Amino acid sequence: MRMPVFRRKKHWLAALTGVLLSSILLAACGENSPSILNVAGPVAESESSLFWLILYLALAIFILVEGVLIYSIFKYRERPGTPNPYQNHGNMLLELVWTVIPTVVLFVILFFTIRGLLQVAPEAEPAASASQPKIEVTAVGHQWYWEFYYPKYNVTTADTLEVPVGTTVHVKLFSNNVIHSFWVPSLTGKTDVVPGHDNTKWFVAQKTGLFTGICAEYCGTQHANMRFNVNVVDNSSFMTWISGQQQAAAAPTDALAQKGEALFKNQCASCHGIVGVNVTQFYNTAQECTDLPGGKANGTPQCLIGPNLTHFGSRSLIAGGVLDNNTKDNNCDPNNPNLMQSCNLAKWLKDPQAVKPGNDMAIGALSNAEIQQLIAYLEGLK
Amino acid sequence: MVSQEQKDHVEQQVVDEQEEDAGVSSPDTTPTPDSALSDDKQESQPEAATTGGQQQAVRTGKRRGRARGRLVNAEEVMPKPSLWPLAVAFSIAFVLFGVIAGLVVLVIGVILLVASIVGWILERR
Amino acid sequence: MSVAHGEQVRVLEEEHGQVGERSLNWWGMVFFIASEALIFANLIAAYLYLEIRNNNDIWQLPHSNLFLPLLNTAILLGSSVSVHFAGTGIRKGNVRQLIIGLSVTIFLGACFLVGLAYEWTSLIADEHFSISSSIFGSAFFTLTGFHGLHVTIGAIFLAVCLVRATKGHFSKQQHFAVQAAEMYWHFVDVVWLFVVTLVYFVPLFR
Amino acid sequence: MATSTIGERATTIDVRRKRFSETYIGEWITTTDHKQLGLMYLITGFFFFVVGGMEALLIRTQLALPNGKVLDPDTYNQIFTMHGTTMIFLFVIPVLSGFGNYIVPLMIGARDMAYPRMNAFGFWLLLFGGIFMQSSFLFGQAPNGGWFMYAPLSELAAGHAFQATPHMNADFWLLGTTLLGISSITGSLNFVVTVFKLRAPGMSINRMPLFTWMILVMSFLLLFALPSLTVASVLLLLDRHMGAHFYQYGSGGDPLLWQHLFWSFGHPEVYILILPAFGIVSEILPVFSRKPIFGYTFIAWSGVAIGFLSFTVWAHHMFAVGLPSIAQAFFATSTTLIAIPTAVKIFNWLATIWGGKIRFNAPMLFALGFIAMFLIGGLNGAALAVVPFDYQITDSYFVVAHIHYVLFGGTALAVFAGIYYWFPKFTGKLMDDRLAKWHFWVTFIGLNLTFFPMHLMGILGMPRRVYTYPANLGWNDLNAMASVGAFIIGVGVILFMINIIKSLKAGQAAGDDPWDAYTLEWDTTSPPKKYNFLEIPVVRSRRPFYDKKYPDIADWKNVIKH
């Protein structure tokens, strides 16, 4: 019955340690990851910096407790002739000690918790100043893509949130369907987008670059494919982008694109809007289009299910962040003979349910020629 | 491992405990190992009486005199098997399935449920 | 129930003086009612949560006629007295008193349910106020409906007791079912006091 | 001792036809014996463990590689919902109730539970509830809203023209959990009354075995937490089928109402799942260290403290929903408080083995593994209570790592420990210790390989409940590793099943008391007779059977009240 298991245990322990260490090393290699430790702003900074505090405390406790455990496993194992141990029922002093010590440690953590909580709370949002301006964005969670509305500039876009560097971004979170959660690991932790609740989130990006955003609350079939990008650019590029986005859609010039526009009006206009084509202005889902039974479903501005496509050609992601809008290298040149293979938009238009099963995009079967026309039109909407 | 304070505590407790236990059983008697009546012996006593049985020294505690050991019959004393718990459980599941599946199933389920509850109540007497 | 624990209880009682005077079933009923009470506590918490989150003016019945709820409260409180009368009867061994008390209680319970049903139909048919017309409708019908369901269950429970009483199943010593039904009925009455206060009277004082 | 003694009726030659309840099948399905019901609970729970485990393997297969194509998204969502639901409602609760049913009456010296028929009723409800829930797969409409079933995703429709749950998926879950809820209520009523009223003479509440203590606390938690789930479910059913608006924001309802109700059930639920595991470990450690449990009072009352506090921490599941800062600070504080009794327990367990004479039989190995793994679950749980950090890692794989270290590294290991410990009592046969050790090490490696990388996935930004992930986000290796680990756990489970079958067929005879144990359940035959004890034993200390075996050094001679 009593087998010397310890010969083997050392071996296993070594192997186990190896596995754990290597997993950490492997993890460190994930360069493109939206890691919470790869911080690019003060909010994420104060959230993630607590990780190190907890890690060190937890490691210390872990080593201590597992150390005592493993030590007593070796020290007190039954050997031939071991006498019966002393029947010790307890010790009040020890109990007090190990109640008080964890209490102290935990309350130290609690202090930093509440301090950090107040640092990132909505109330802590800095007021706009000359050194740190502020912009306001409404993030609208749809099933399953993100729409971003800039009320001051009257601009609506989808899948990519453009923000200027060093600016406080005040994000209003809105959903009129199910609960989503707004999360950009490098910039800010999650806040849920709860229907009927006016949640907000603020963050400041201190580095330019592209950061991955993720929907973190289970929101149905395609919860997995509800990512977005946060594109942090310098101020002048941001203003350039804004003024470009404020224009109505460019009218197509070549024949292919004009056919595409006609096709769009016929096939897509019931769900998608393009300013200057089938709608007169950008709309704000959050305020004007609550889209409920008996709501303003038929009012003006129009309430649309799909994203606004006015400047579709300028977007880097399509289909709710699933696909790159890979227009480079003539991938999506309508005359490219390999269009159906090389262009993501073509794949999407051919069979949206294959790319993202269960999504709301309902489109009749299109011939390759029609897809060519639509691509020519949509990619021309810079 | 044990402080002096604790040892004192122990001794004190022993005294307390003896007083406290006096009513339940005398502290200087170790519990009797299994009953003197083994199953085999029992079987040789057909239709064992429900009272009587072994005679033991009756100690008088502080609170209450100890009654004699009794011999009771296992079959009479233990709970009897019953099919009705299963029937009622099944009917409830059936009723809830009826909520999903439709009115016919629901009605059958309710009838089953009523029947099995009545069965359970009646069986007890 | 079976007798295994009965035997054990006898041992514990007679030989060790350990088990109190309450029967096992009594304890079971107490914890069951505690669990039931928490169902109502949760319902009431949900009701208040929604009330706080919503604008006050929609949180009201379309009428402010308090006659029916007051009458219903009186009926239910009266039935608590009569069920206590029935219970006292059987505790003295008086089966006749038990039967009278139970009959009166069931009658009063039925009156209460009729009153509730009348109020519901007049709300739904005359004032077009239903479970789906507003969030208050949802909360109102759910809370009163849940209570009505419990009154119904209690009344059935009492009716079973009544049938068994007429068959002579209960005696001074053996009448746990009556005791349980009595406990349940009192519980249902107490819950009604909370419900009626919340639903009918609190809105008056805003 | 002058308690009543049970005898068996003399066997006369039986000429009458067997009654149904005397046939082999009839005996099992009509039984009201707590031991048979306990075994049926255990077997049912283990069956659903295998079902839930297969669902887990499907999940891990789908996620092993990026852009997995094994399952389509909706099937995946059904599978992960059913994995959580099955493991919580159909594996852990039944198995722990099974141990409770079998062991608690024996431990407290009772001849049966207080309400034997209600006990049977609870078991059958569980079985039919489980079948009800799993049968949803036959209709292709298994619940797909997550085991938390958040409204409004679980509503018929959320807003205008948006997809929620138009089919019966959510109804299966709501009605199924209602069935299981009734089952748990009957079971816990039974436990509470049994423990309060049927303890053997002399077994004061301060001498109750710790497993009994923890089952008692668990029962109270079930009694007082399940009503929240019942109410939440009823309101959702009314929304779905009667046109009510409780969770529909456009009509004045509030999706957060569901979360408040659900988590005020859900958090006590977490402790319902772990407290009896604490109890099992607190029974095994002293026996295999040849010492009494260290700090009995502290372990018992810290369990009670956890029970109370567990009703005050629910909103720590909701830090990200935008509660006011002051509320978040409150729930962070209560969550911090609940960590203290948990830490006290771990220290007392360590002190129990410290200075002991440790035997490394399979139960002890699993119990020690429990401490090692549960510690990790406790530490990463404390990390989740740090609200700002929680904003980053809630709903990420970090949380998945946390719950699995608690529920697999914790509860499941304790359940295995309990099976290895009490199997001789159940059957009279020992389990194969060598195979059991293989089982332990395979499981131990598998679980760390599966769940440790999940911490890192969470830190690298991988959200939970995703059916697939793209290849370029650096999550590939970790996911592959976790999937390999999951299959290693699967191998462990197969080893366990082989061991059970082998031991049932050709296990060594165990005798009545193979572990030289301390508590009353070993003071009967293995397996115990229907009436458990010939005489109802009299208890004079916390280790009654130890006193009986070693009268010279019996505990009651030098009792310490701690």
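By written order: A, B, C and D. Residues from 1 in each chain.
One rule holds for everything that comes next: a contact is a pair of C-beta atoms (placed from the backbone, for glycine too) under 8 Å apart; a residue touches a chain by one contact, two chains touch by 3 or more.
The model shown is predicted, which means the values in this text are computed figures rather than measured ones.
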{"item": "Of all other chains, the one whose Cα centre sits farthest from subunit C", "value": "A"}
{"item": "Top chain pair, ranked by how many C-beta pairs fall in contact", "value": "A-D"}
{"item": "Chain centroid nearest the full-protein CA centroid", "value": "D"}
{"item": "Whole-Å gap between the CA centroids of subunit B and subunit D", "value": "25"}
{"item": "Subunit C and subunit D: spacing of chain centres that average the CA atoms, whole Å", "value": "34"}
{"item": "Subunit A and subunit D: spacing of chain centres that average the CA atoms, whole Å", "value": "34"}
{"item": "Shared-contact residues (touching 2 or more other chains) in subunit B", "value": "1, 6, 24, 66-67, 72, 77-80"}
{"item": "Overlap residues in subunit D, where contacts from two or more other chains coincide", "value": "2-4, 32, 111-112, 116-117, 201-202, 253-254, 355, 531, 560"}
{"item": "Junction residues of subunit C, two or more chains touched", "value": "1-2, 4, 7, 15-16"}
{"item": "Interface residues, subunit D side, partner subunit B - complex", "value": "1-12, 20-21, 26-27, 29-33, 111-112, 116-118, 120-121, 123-125, 127-129, 131-132, 168, 171-172, 175-176, 178-179, 182-183, 201-202, 355, 529-531, 534-535, 537-538, 540, 544, 547-548, 551, 554, 556-561"}
{"item": "Contact footprint of subunit A on subunit D as seen in their complex", "value": "72-74, 77, 145-146, 150, 152-153, 158-164, 249-250, 253-256, 289-298, 320-322, 325, 328-329, 332-333, 336, 339-340, 343-344, 346-348, 350-351, 353-361, 365, 368, 371-372, 375-376, 379-380, 382-383, 385-396, 433-434, 437, 441, 444-445, 448-449, 452-453, 456, 459-461, 463-469, 472-475, 477-478, 481, 553, 555, 560, 562"}
{"item": "Residues on subunit C engaged by subunit D in the complex (per definition of touch)", "value": "1-2, 4-5, 7-12, 15-16, 18-19, 24, 27-28, 31-32, 34-36, 38-39, 41-43, 46, 49-50, 53-54, 58, 130-132, 134-139, 141-142, 146"}
{"item": "Sites on subunit D touched by subunit C in the complex", "value": "2-4, 32, 110-117, 185, 189-190, 192-194, 196-199, 201-202, 223-224, 226-228, 230-232, 234-235, 238-239, 242-246, 251-254, 257, 260-261, 264, 531, 536"}
{"item": "Touching residues (chain side subunit B, partner subunit D) in the complex", "value": "1, 6, 9-11, 13-14, 17, 21, 24-25, 27, 30-35, 37, 39, 42-48, 53-54, 56, 58, 66-75, 77-86, 88-90, 92-93, 96-97, 99-100, 120"}
